[in-house]
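Mind having a look at this structure? Questions to follow.
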Amino acid sequence: MDTARASRTGDPEVIFGQGKQPAQVVSILQRLTAEHPDRAVLATRCADDALRACTEEFGGRAQVDPLARTVVVGPWPTAFGRVAVVCAGTSDLPVARECATTVRAHGAETELVADVGVAGLHRLLARLEQIRAADAVVAVAGMEGALPSVLGGLVAAPLVAVPTSVGYGLSMDGTAALLAMLNSCAPGVTVVNVDNGYGAGVAAARIARTIGRLRAGEGAR
Amino acid sequence: MDTARASRTGDPEVIFGQGKQPAQVVSILQRLTAEHPDRAVLATRCADDALRACTEEFGGRAQVDPLARTVVVGPWPTAFGRVAVVCAGTSDLPVARECATTVRAHGAETELVADVGVAGLHRLLARLEQIRAADAVVAVAGMEGALPSVLGGLVAAPLVAVPTSVGYGLSMDGTAALLAMLNSCAPGVTVVNVDNGYGAGVAAARIARTIGRLRAGEGAR
Amino acid sequence: MDTARASRTGDPEVIFGQGKQPAQVVSILQRLTAEHPDRAVLATRCADDALRACTEEFGGRAQVDPLARTVVVGPWPTAFGRVAVVCAGTSDLPVARECATTVRAHGAETELVADVGVAGLHRLLARLEQIRAADAVVAVAGMEGALPSVLGGLVAAPLVAVPTSVGYGLSMDGTAALLAMLNSCAPGVTVVNVDNGYGAGVAAARIARTIGRLRAGEGAR
Amino acid sequence: MDTARASRTGDPEVIFGQGKQPAQVVSILQRLTAEHPDRAVLATRCADDALRACTEEFGGRAQVDPLARTVVVGPWPTAFGRVAVVCAGTSDLPVARECATTVRAHGAETELVADVGVAGLHRLLARLEQIRAADAVVAVAGMEGALPSVLGGLVAAPLVAVPTSVGYGLSMDGTAALLAMLNSCAPGVTVVNVDNGYGAGVAAARIARTIGRLRAGEGAR
Amino acid sequence: MDTARASRTGDPEVIFGQGKQPAQVVSILQRLTAEHPDRAVLATRCADDALRACTEEFGGRAQVDPLARTVVVGPWPTAFGRVAVVCAGTSDLPVARECATTVRAHGAETELVADVGVAGLHRLLARLEQIRAADAVVAVAGMEGALPSVLGGLVAAPLVAVPTSVGYGLSMDGTAALLAMLNSCAPGVTVVNVDNGYGAGVAAARIARTIGRLRAGEGAR
Amino acid sequence: MDTARASRTGDPEVIFGQGKQPAQVVSILQRLTAEHPDRAVLATRCADDALRACTEEFGGRAQVDPLARTVVVGPWPTAFGRVAVVCAGTSDLPVARECATTVRAHGAETELVADVGVAGLHRLLARLEQIRAADAVVAVAGMEGALPSVLGGLVAAPLVAVPTSVGYGLSMDGTAALLAMLNSCAPGVTVVNVDNGYGAGVAAARIARTIGRLRAGEGAR
Amino acid sequence: MDTARASRTGDPEVIFGQGKQPAQVVSILQRLTAEHPDRAVLATRCADDALRACTEEFGGRAQVDPLARTVVVGPWPTAFGRVAVVCAGTSDLPVARECATTVRAHGAETELVADVGVAGLHRLLARLEQIRAADAVVAVAGMEGALPSVLGGLVAAPLVAVPTSVGYGLSMDGTAALLAMLNSCAPGVTVVNVDNGYGAGVAAARIARTIGRLRAGEGAR
Amino acid sequence: MDTARASRTGDPEVIFGQGKQPAQVVSILQRLTAEHPDRAVLATRCADDALRACTEEFGGRAQVDPLARTVVVGPWPTAFGRVAVVCAGTSDLPVARECATTVRAHGAETELVADVGVAGLHRLLARLEQIRAADAVVAVAGMEGALPSVLGGLVAAPLVAVPTSVGYGLSMDGTAALLAMLNSCAPGVTVVNVDNGYGAGVAAARIARTIGRLRAGEGAR
């Protein structure tokens, strides 16, 4: 593992938990927090037993989110800038929360705006000012993936779209939503892989924290 | 050809012009109008030279639309009910107009509402009352195909979605838009094949004209 | 949840049960029936344990269909118009019955015509008059999805096609049937997503109940 | 080239004309007819200029079909057995006629039954006795490819299905029809590649001529 | 169920066991054998528990093949003609044996030639005379699906190819083998769906039994 | 057209030239420059004849790039921040230059770093400091699309990846490169549609100009 | 089984364990080692219970690798030449080790170079001399599959690429990596099927052992 | 351009002619031959006009192959080792000859074995000894791509498979052949992209020339 990555990029260490045994996740977390007691370490895509093992091992020092399947150990970094994570329904929440936790661990504030699907436009419009106030926006959507196109016409901040595998029939595990986002008629929308809340969070946090640091009078790292 | 179709279904005779020679299109139109001088005959997907041949042959008796690639010969049927055909941009107009002409030839009024893409929501909302007044709605869209999902949350009438092959990159000739429409989070949206303005027009006209006839005190056929 | 939806569109409240815990399904049903004691609430795609939980909680007040995986609580709405739901084999019955229940909950009569596949044409022709008498037709089919094309040449009413994931080998979970329906040579066939009996039911009910209300001398809502 | 093939399999020599220059097609035909003056030689998928070159070179000795893009030089073989080649519309005729000519050149009688699509069932039923009288049936169809499923429930003879690339939108150059045929609910339907009238003709002729020879009191070769 | 099918087509009654409960399979078998005590009834794709239920219920009257997942109850029909079922490896045996049993139940002799893959050509050539003696050939293959192309150049009888889902990596559940068979350079190869040993058996038996009946001096049915 | 868009989002007016006649492109450019004489108007994906028409009409006032197929009329906006546009080979240059021009028209500086493919790593490493100095990076690549993954491990700035349709064989018009970018092992890479240099330019410019304005002591718009 | 294969090709006997029962794997291994006590026999893709059965049966005579799912019984062949097996992360190790064991069993030395992904280029460059010293190189990678392209520009030896099914979202079980490798901009890269470490090992060992034998003064077999 | 590549890898300079103007191809060839008068320079995928321009410019110094679309200028390198390039039909010849020329330009002898498709096995077996004598084999095939599987069971040398886009119907521009080759049941077959005769030639030449140099008593480079 490359423990110098944070100093090179400004990002924390991250453990990709998928396919890893609980003992592996715990031991890597232990080693990384021992090396970097001053900053947070993030684990994503942890299985149920790995989440339980972390709760047992780290107790109050770990923030475990069973919906997002994330674990964070150690103190949060100072936050600069703000990212709005927007999603349509409760089914998209796991991905949206993985994204929000990733944003916070990468040094930006985050705000989750849920239940604002395009088929209920009035709810989306009611939250618009809040979304417009962010330095970067992440739009999370499954099914037909229309949310980023509608948002893209309403906000001027950088917008990252995350397709989710929520759907049935010919949604093809999120491919329909991904295609919609790649073909968005709103210019400037960029896209990450299906269910990749982590990747969108890294991208949005990098944007927001640089803007936030400059606004706060700190130099961009 | 089955010239008794109209009496069986209430639909006019239709010629699928794709792949047909100009002389073929003209001669079939001639025969059908001779058999049915009292009603309109519709030709769709006519090539440029077929359109010109029809103009030369039928003169003022033919209504030729080079954008929609349609020809109508003979008197329009009495119209019952109304269909709103809604589309996003100028690129979708050929399909939207093929649809509108098909609706009219199948015995319903039609209204074309163009330039109301989801990335410019205020334009769509400005036309909403007009759309809501229709007995059936056809939503035509390429790119990410989000229009039916947004409309589906705003109108209660039956809604038919038409994906178009408008786009570039991984739009896959309209497949991205088709998938979005099949996966629409708005319930009750039904879909036709890519660029099939004709099929959507037939479906919408059947709905609207039955409703219109009943409202006008005529029995449904 | 948007509990005002019924008054806006004429549709009942619906709970998409897939991925929801039994307790969640029960509690949402309780809240919605408390808010709307005068009308039916529909839950679709409920898992086995959710179906059992509903039976225990609501007893005789709930209509639970384990094949269709639907639950309806509260009084049926007055029905206007009639929808024929047609399918080929016993394997398609779950989708066909989800559709029929949806139609009834959305305010139209329904009639299920099963075991009329295209490879046994005489059975289909024997039921034709019954199907032709409906205000809207839903054709449910897996495998090669040919039923809507054959029906489309025989009936004049609006026809919605539902592909099912019934099949094996290269049926690709219903995609083969979906493609067949999109490419139907019968004009005016519209299509919904694979196994989406609910969506087809909503679309067909909206058509039939408007026609039925007008025929009954009530204004279309 | 393997000029001994006929004696080994009972099939004639065949030239695949696609991608070949007119002079190449003519010279191979000349060589094969010189080697086998007593039997027909077949060329398929000939381009327009190759067809013209064959007409000029062989005159009355060649049977040139510009629609099927086939050329036959030399005497037809004695025919045993009969193949019905059935198709829906005029657009499928080129493939159906390539198939019929292939059948005849491989030593069986053939009969072309056109304009019997599944959306006009009465026309198909009117020709049923004629089709049932054949020793093998080839069903040619584009669009949704439903014809073999309907025929498969009506005839007992071996049935080969040929999907054609006739269609638009998401017909995917005949793939939709191919998938429908592979997933046919009628048992015993076998399928060849898209537009492969030649392959279906070879398969059907081999079946029919063996049956015909036996019926005629000649031994199967 | 259509119990008159046998008299119409010469085929036995068949139960598609996939997705059916053991009790359902047993009860349909009971009813059909009661109606037709003089002929065999075939059930395919039976699950393990359905196979056990049939063994318990029918005892010595049933022939149960756990590898092929087939059950046959009642006396075999008199066999006419012979079908060679050829496959490459032990993994293809379930499909090959489903095919062979289907052939026998449809009234033709069958012969299983296994372990003759194209990468071990000498084994295939050693069995060639046996294969050439058949009235129809079925070639069963997974992986790259090359067996029908090699066989197609060696035998003159009608040849039906069955792709199997045997493979790994990008075999795509038999699609790679299916595509290879559709694109075979050997003319006259026809294809059925992936793992559809039943369909290939029906097609091959219809060919072989007609030829066999004629050779035996009986008229073709 | 929505001429107030610039004031709402900080972006210029843009004309999508694909499918538009030369006269249409010229007349829209004229109208927009008349309405906004103080800022640049951008046209993308212009055909050869549209580019020539712009040169004739606007002369020295228009900057026409035949490789990128872009036209810019009017004064460039003041630039804040800097975007590095990186690509592998000369074949990717049209997309890279469309991107660079888009960046400049949207108010950021741009720098084109070409001929740095991953199979010639030393050339890429030689330009690394220059790339690292940018506020946002766009990586343009066809073929296997590996450039963003390699760059993603070397730079800390926000990185937008653009797949191009450069390739042959099974590159599937840029889909192979798109998939590689979506699956990049480097975190934080976001992706736009194939050949969508314009979309990447909009996204990168929005990021860079906000950072640049703040660094320059101007407030973010 | 063809036990003469080794003498014909220089390769050992190999058992494809996937889908085989533990007892089958053990008994085939026993028979082959009895026939060939002087050389190693390799079993690949063994399930957990098959691995345990081999350990119990063969004890110290078997080399069982639970990660690679391989079993080797009998003495290794003398090794000639050397193959470097290179992979990015721990997730690719099972495929990489199956490859390395295959190489050794086919008579070449092997060296596993792990944890050298393209997003951490310095680690790859640090191992470059070691990789360059090999007679053949196998590059194993999932996700975006970029490793062979980067390696291809750095080494001159024959290079075989193995895509793995490691990934998530639209990695499509290794298809994204496979496509990247087929489209590599580095010339001379050849590719095997997804997760086919065995196939790559066979190919690389054949190359390296021939080179090694010649270098050692032995004739190529 | 990186003119030091040859000394680093032993490969010549190569120009990818696709998409390049005739003048560009000529001028790059001129520069490279001026820099390296002692060795051959290879241009692939040249358009007709580029081939003519090379003939005019270089005359007898250039070897122009209009079928393979290759140009070689300068003296051939000394050849070590031998590669057999095997293909089925005349349609595969352009790819096979591009491969053979590439092999020769990369320093190995080459031998073209054409017209040996798997449906005419006797022709293939007649050439077997010649193929077995080579140090590496390239198998070129379109349609069902079965040739490498058959060859793989017959030869022990390293075998590279090249799918070609030769075919029709659902050959999907060579994808069917590519899939067959990736799924070959013969172990050790490696594959390149569709129509990539150049890539296969580079891979095979690297293998053969190293073996040839060692056999000739020269050290491997």
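First chain written, first letter: the chains are A, B, C, D, E, F, G and H, and each begins at residue 1.
In this text, contacts are C-beta pairs under 8 Å (C-beta built on N, C-alpha and C of every residue); 3 or more make two chains touch, one makes a residue touch a chain.
Predicted model only: the values in this text are computed from it and were never measured.
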| item | value |
| --- | --- |
| Chain hops separating chain G from chain C, counting only touching neighbours | 2 |
| Chain centre separation (chain C, chain D; CA means) in Å | 43 |
| Centroid distance [mean C-alpha coordinates] between chain E and chain C, Å | 37 |
| Chain C and chain H: spacing of chain centres that average the CA atoms, whole Å | 59 |
| Touching two or more other chains - residue numbers and ranges from chain C | 120, 169-171, 175, 178, 182-183, 193 |
| Chains touching one another, given as label pairs in label order | A-B, A-C, A-F, A-G, B-C, B-D, B-F, C-D, C-E, D-E, D-H, E-G, E-H, F-G, F-H, G-H |
| In the complex, chain G residues that touch chain F | 88-89, 117-121, 143-146, 149-150, 152-154, 167, 169-172, 175-177, 179-186 |
| Touch list for chain C against partner chain A, complex | 2, 18-19, 45, 174-175, 178, 193-196 |
| Residues of chain B touching chain C in the complex | 8-11, 14, 135, 156-160, 178, 182-183, 187-193, 198-200, 202-203, 206-207, 210-211, 214-215, 220-221 |
| Touching residues on chain A, where the partner in the complex is chain C | 91, 120, 123, 168-171 |
